[in-house]
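Structure below; questions to follow.
Letters are used for the chains, namely A, B, C and D, taken in the order the chains are written, and counting of residues starts over at 1 for each.
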Amino acid sequence: MNELFLSLLLILIGGLLPLLLSRRFNAMKMFSILFICAGCILGLFPVAKGFFSGSKLTFEVDIYQYFSISLQMDGLSAFFLFPILLITILGAIYSFHYMNKPEKAFKTAVSYLFFSLLTISMVCVVLANNLFTFALAWEIMSLSSFFLVIYDYEKEIVRKAGYYYFVFTQVGALIIFASFGILFTFTGNLGFSSIHIIPENIKLLVFIMLFIGFGSKAGIFPVHFWLPHAHPAAPSHVSAIMSGIMIKMGIYGIIRFYILLGSSAIIIGQIVLAFGVITGIYGIVQALGQNNIKRLLAYSSVENIGIILIGLGTGMIGISLKQPLLAALGFSGALLHLLNHSIFKTLLFMGAGAVIQKTGIETIDQLGGLLKRMKVTGITFLIGSLAISGLPPFNGFVGEFLIYYAGFIGISFMEQSFIPSYFIILSLALIGGLALACFTRVIGIVFLGEPRTKNAEIAKEGGKSMLIPMAILSAACLFIGVLPGLFIRMAVTASKSIMVVPEDIMLSNVIKISSNITFAALLLFGVVALVFLLRTFAYKNKTITKSSTWGCGFTKPTPRMQYTGVSFAAMILDFFKPLAPAKIDHPVISGHFPKPTYYHSKITDIAETNVLKRVVKPILVVFDKLRWIQHGDIHLYIGYILFAIIILLLFI
Amino acid sequence: MIQPVNIMSLLLILSVLFAVGSSGIIPIIKVVALQGIIVTVLPLLLHQDLTTGSLIFGAVLMLIRGFIIPILLYYSITHVIHKNELDPVCGYNASIFAGLLIVIASIYISSKFSFPIIQQTPLILPAAISVLLGGIFFLIARRKAVTMVVGYLMLENGIYLIGASLSKRAHQVVEFGILLDVLIGVMIMGIVLFNIQRAFDDTDTALLRKLKD
Amino acid sequence: MSSFILLAITILLAPFYAAVIQKVKAFFGGKKGPPLLINYFTLIKLFKKGSVYSESTTFIFKLSPIITISVSLIVLLFLPIAGSQPIFSFQGDVIFLLYLFGLSRFFTILAGLDTASPFEGMGTAREAFFSILAELTLFTILILFYLISNKLSLFAYFGKGQSIALWQTIGTPLILVILALYIVTLTENCRVPVDDPATHLELTMIHEVMILDHSGPDLALLELGAQLKLIFYSSLIACLICPFHLGSLLANTAAYLLILLGIYGMIGITESVIARYKMTKTPKFILFSFALALFATVVILEFPS
Amino acid sequence: MMLEYLLFVPLIAGILAFIMPDKINRLLLVSTGIWNLGFSFYIWFERPEAIFNQYFKISPEGLLVLLVISFLFFIVSLYSISYLEVTKLSNKSVYTGSMLFFLATMSMATISDHIIVFWIAIEATTLASAPLILLHKTKESLEATWKYVIICSVGIALALLGSVLMTISIDIAGVDVSLTFSALTDSAGQLDKAWLKAGFIFVLVGYGTKMGLAPMHTWLPDAHSEAPSPASALLSGVLLNCAYLGILKTSGILFSADLGVFTGNVLIAFGLMSVIASATFILKQTDYKRLLAYSSIENMGIIAFGTGIGGIAAYGAILHLIHHSLIKSSLFLSSGNILLGYGSKLIDKTGSLAKYLPKTFVCFFGGIIGLVGLPPFGIFISKLLIILGAFQQGRYIVVSILLVCLLLISAGLMRYVMKISFNPIETTIALKEKPLLYLPQLTLLVVSVILCFWIPDALYQTIIQSISSISGGFNG
């Protein structure tokens, strides 16, 4: 365990160092990234050793007589540590060229400090072994990510997003603390080990409260709407880390406390599954409606969290129906999708960051034709989108394939409850189709066609340090897609700590599935290579000329005539109207000499509007009514004192 | 047999009624002076421990409570505020009615307790409670700042009377400490009044209403 | 060895069967119609020609035809043609095939948007939307097959050895499944009620408009890919109609080719009888097929014969 | 070394301050601060006997509050050195004198054991702090002082009435016990129950007025926002603790007279009311010093709530007391800087604090993060303890109301603090951030962080003893 502490110490130094040498901008960034990456790499060794040897590293120190900080690493937490450390390294490298404003040197130094604090707190959340350490690490994680979100606080939206995020972390923490309180009442101590002794119905109540609390961090449907505000506001490498790893801490919390509670009621699995389905579909439909590229990616994170929850729900149903194969497949599918999502989502956010940094525009309808100008970013973004839509040769497909497999297996077991598995498969199919539409829209509008504005035209390729992480991540997407064996085995060992999995049936299935996927991917590459040869042969000495696009006879097409994101998604959004109501602001043309009119349409988040209208406003109105107490008249103030005494005297 | 204790407590109740009914500030200050004197003398009579130490001590207390504090108030009225009239929150006849209510309430409250001392001197507890309630009435019902100080003084007198009369072991030093506090309190209130008069050129608490939420 | 031959036959006959549809439509229109080998001539002509590329296109425009044709080929590799052993088959290959179709759709849409022309954008938007609904039906049919066979590979459903004698096991709801699959075939392969392959008015096209800007060998690859995809769907329907237990290989292939002819004829008839639906009516049409498939699954679940 | 030095030295220094010139006054202030701090540490270890030992005696809770007072007074005196140079106060000698008197009276309150002597000390603190609020001589400060003096004096008079009723409960029971907190707690069993409860109610309402509990809190926002910042730091940081001391000792008496349930419910009711009242005014507020004042009311409510619940929540309440004093006074000192810089108390007139006064921004924002109860600072621990304690007692509804109000308050606080720190505004800042203007705040925050993770054993034992009477078997 002490190598892990050494790595955390290195990361902390990486965070503190820039504060000292914030005069020399590049040197400060270089040193800080060096230390953070060194710390993460150093941290990987004990994690890998602990994970594959299956040994449990523990550490315990008590602050003062009542509380104690205890850390423990088992299979599940080691599995989560991999993406945390790897993605942090790539995020740090990416930030070197991304933070390119020397005049904001000190602010960048402070953001590096909170960047390292975020990493450390995430590692501690995953290693926590009692309620107090978990609460402490959870709060530090929220706090450090809050400071990262409000990095460039000059802009109004960033401040609003920061405030939104802060209130949400407080809401989440409140619910989690309340559930810890209930656990404390029944177990009497703050340890994790004694949680399973609490009575059955209390287990359900605690799980639901924890599900909502962790859901507010993970971005589950009704409590997700801070995500689309926080991610566009944060700098890209931060939103990559937040979307890639931090929201997974919510999922980790749900899994960890599901294990600890140890209740195998089927209702829990059904709740998780239902919320997974709703979150998935709702997230991707909203993503289709967004015009800001980072908001779109934030909503697509919500969708992927939905898929992960579907996998978890299947696993939980598998456990409650005593079907170890179904449970193992469901859990390993969810965990694998979680790992894959952290890879391609970080890739997509880095791509979006590069685009925004070079063009300065965030709305996709003002971009276009960037593939020709930013080749590497374009290609890596294309690979990321292929992966996130779950298409075969890439890693998105592997996670979803396992969950499909579990869904289909579920049909044969669940004679009496056919509906859950039916929902699993159909929702995944619907989400897959919508994801395909969403990401073809992004790439088609942003990277292909003609540039729609001046800034998009002059865009050039991002800095070297931004391209390296993107290239590594896209290579990882391809590698996991083609050779998923190792990663599926990792997911299975991690899900083993979730429930008792008979060793034999699992490994045989795992090897069979991974060999099938590898074979399919190789087959695809083979046939494509074959056809490519055929095509080059067909084009050997043919005349290839360049001309303008065929416009059905229209001679002067302008970039404005291209299809825009809004029109691309119009039909789909019209079909899913209740999920994504559009607020259209378009003064009607009237009168003999009509004034010039305009058309603004905005997709509103039904969760956000309803929660604000039905929950927040009434509370504020109620508290507003109490304001008359402080009206300034001294006589009445003394009257309050007498009133208090008289009321109390009645109670003797 | 009319004991001096009963006469004095009767005087106290009458003084409360008179203070409540009066319109000017100067008469009220005179009433408070009277009450001050009675309140210090009564416990001595009640417990009959007329040792020389307690007598001297009683005299000092009477001097402060009966003379120094009212003179301070009188000085602040005449030299600082120059205005004698008093615009109460509720009209005069309403205040007299309130005064009667106070006396009835104090008699009703004191009837509920059974103290050994009460048997011989039934009137002392109602007097104390009525002085106390009178103080509170002046704090709430009068708009002028000075009357609030007077109200505070009457409240103190009421509490002192309850304390001294009902519990036997009154430490002189502790009583003196309380009185010292009250004296400094009135001086501070006087200084604040002086500043308010200079800033607002009127001590009507209706002006003191700017700080609100 | 026989599966390779059968594969070669299907690939070769795909353009021929596509011409059958045009022949049937011409017959209904009282015209003589183009010769049955018209598609072979166009393919050869296109392979001989050079290509014209628009300036705004990138490498994706060249990659998309390759991906489309290779997906159609791979899909045929997994198909148990006429009940025989397919070249490849593994547990879960059905999901892989459906997602392969997604991959080809991904690149076709991107190629459409690459040319920066409003017409192609229109086609891509419609293609993206209708395919989502079609996938729902396909997965419901897959659930139905899994309910019966507890297996996840095409060969397990239609292969000669362990084919699930569909008429006995499913019984009458099989007609609903065939109709649902037929509607999906029409949507996926841009036949009339959903899309009109013959027209060149961009407002009405979906698939044609996406390959508007392709030329020369690229266009040939795309055309061939489309025809192969059509024959894959039709052979699925053929396997459903009669599961080819006629003993000898020759009899099976003859029956298979005959049924294919019947299905293509059926497609030709539907194209000439029904006009193209309004764009807003097509989602209802596809959801109708989804309802059919769902109803069939429920019937089978409730009354397992 | 007799205990009463604690009392006389600041008293004499206060008198001296009125006659000395300003330069020496500042030195006088700091030296008395150092002396007081040293002497309270001496008291903590040696525990010397008092001369008038029937009036003064060292109790564990008194000791805790004394330590906090002397540490904070020392820090505030350092701050006021540069504060007096920068600000244009007319009568600086009054400031120094009344600060010293304020220290004397507060120390007297912490060590006094006799009920009435404790009352005299608390009344004296009101009178000593009244001139502090009066210093600016603006209309608002006059109004604030007037309200402060009147309401507090009336409130504390009722507390005197309460103490008198306690003496009556002794007479009726016919028990001969000296009128000190310690003696009463030991022999609380034989006292008359009804009179004891009546006495407790008057004492609670009396000292509750001084502590700022809900219905009687009306004077607090005016007084604390009008006083000069170092004074309001002391007012908010420490004075409320002294008032809480009275309530803690009296509820100790009632707990040992096994009236614990009654006192618990009353304290919880008052705690909740103050949290709700402060939530109403923090949600919509225009003046940042009033914002901090309302948050003091809220925190005092939490402390009362914790004491009412008992068990580990009582332990949490004492921790909350310590950390709240540290963080709140550092916040008031930073708000002093903001007032000196921007010249106005209105939130809309301030902005982009991070740009103009970066060091004050760090202290201010750090303090708010601590106040809201986020980890590095101690309030996170105490809030967690109180929540866990409340759940353990099974009071679900009450604790959920508290949690919701805490959430609203943290949202309200953060909204205005972000407005002050980040809203872009173009002004010229007169203040030059001298080290003594931000180092004191920083040290307070650092102490809170240290105490959050490591409490020295001696301090821990003192805390356990201080809540032994009301904690009902929680021995750490």
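Operating definition for what follows: a contact is a pair of C-beta atoms (placed from the backbone, for glycine too) under 8 Å apart; a residue touches a chain by one contact, two chains touch by 3 or more.
Just so it is clear, the model here is predicted, and its values are computed rather than measured.
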{"item": "Identity of the most central chain, Cα criterion", "value": "A"}
{"item": "Interface with more contacting C-beta pairs, comparing A-D to B-D", "value": "A-D"}
{"item": "Chain A-chain D separation of Cα centroids, rounded to whole Å", "value": "44"}
{"item": "Whole-Å gap between the CA centroids of chain B and chain D", "value": "31"}
{"item": "Interchain centroid distance [CA atoms averaged], chain C/chain D, Å", "value": "79"}
{"item": "Distance between the centres, which are taken as Cα means, of chain C and chain A, whole angstrom", "value": "37"}
{"item": "Touching two or more other chains - residues of chain D", "value": "146-147, 150, 154, 221, 281"}
{"item": "Residue numbers of chain A (touch at least two other chains)", "value": "627, 630, 634, 638"}
{"item": "Set of all touching chain pairs, with the criterion as stated earlier", "value": "A-B, A-C, A-D, B-D"}
{"item": "Chain B to chain A touching residues, read off their complex", "value": "89, 136, 139-141, 143, 148, 205, 208-213"}
{"item": "Chain A residues within the chain C interface of the complex", "value": "368-369, 371-372, 378, 382, 386, 389-393, 397, 401, 404-405, 408, 411-412, 418, 422, 425-426, 429-430, 432-434, 436-437, 440-441, 443-445, 448-450, 512-513, 516, 519-520, 523-524, 527-528, 530-532, 535, 538-539, 542-552, 557, 559, 561-563, 567-572, 575"}
{"item": "Chain A - residues contacting chain B, complex", "value": "627, 630-635, 638-639, 642"}
{"item": "Residues of chain A touching chain D in the complex", "value": "63-67, 132, 135-136, 139-140, 142-143, 150, 153-154, 159, 162-163, 166-167, 170-171, 174, 177-178, 180-182, 184-185, 619-620, 623-624, 626-627, 629-630, 634, 637-638, 640-641, 643-645, 648-649, 651-652"}
{"item": "Of chain C, residues touching chain A in the complex", "value": "47, 49-58, 60, 65-67, 69-70, 73-74, 77, 88, 90-93, 95-96, 99-100, 102-103, 105-106, 109-110, 112-122, 124-126, 128-129, 131-132, 135-136, 138-140, 142-143, 146-147, 150, 152, 200, 202, 212-213, 216-218, 220-221, 279, 283, 301"}
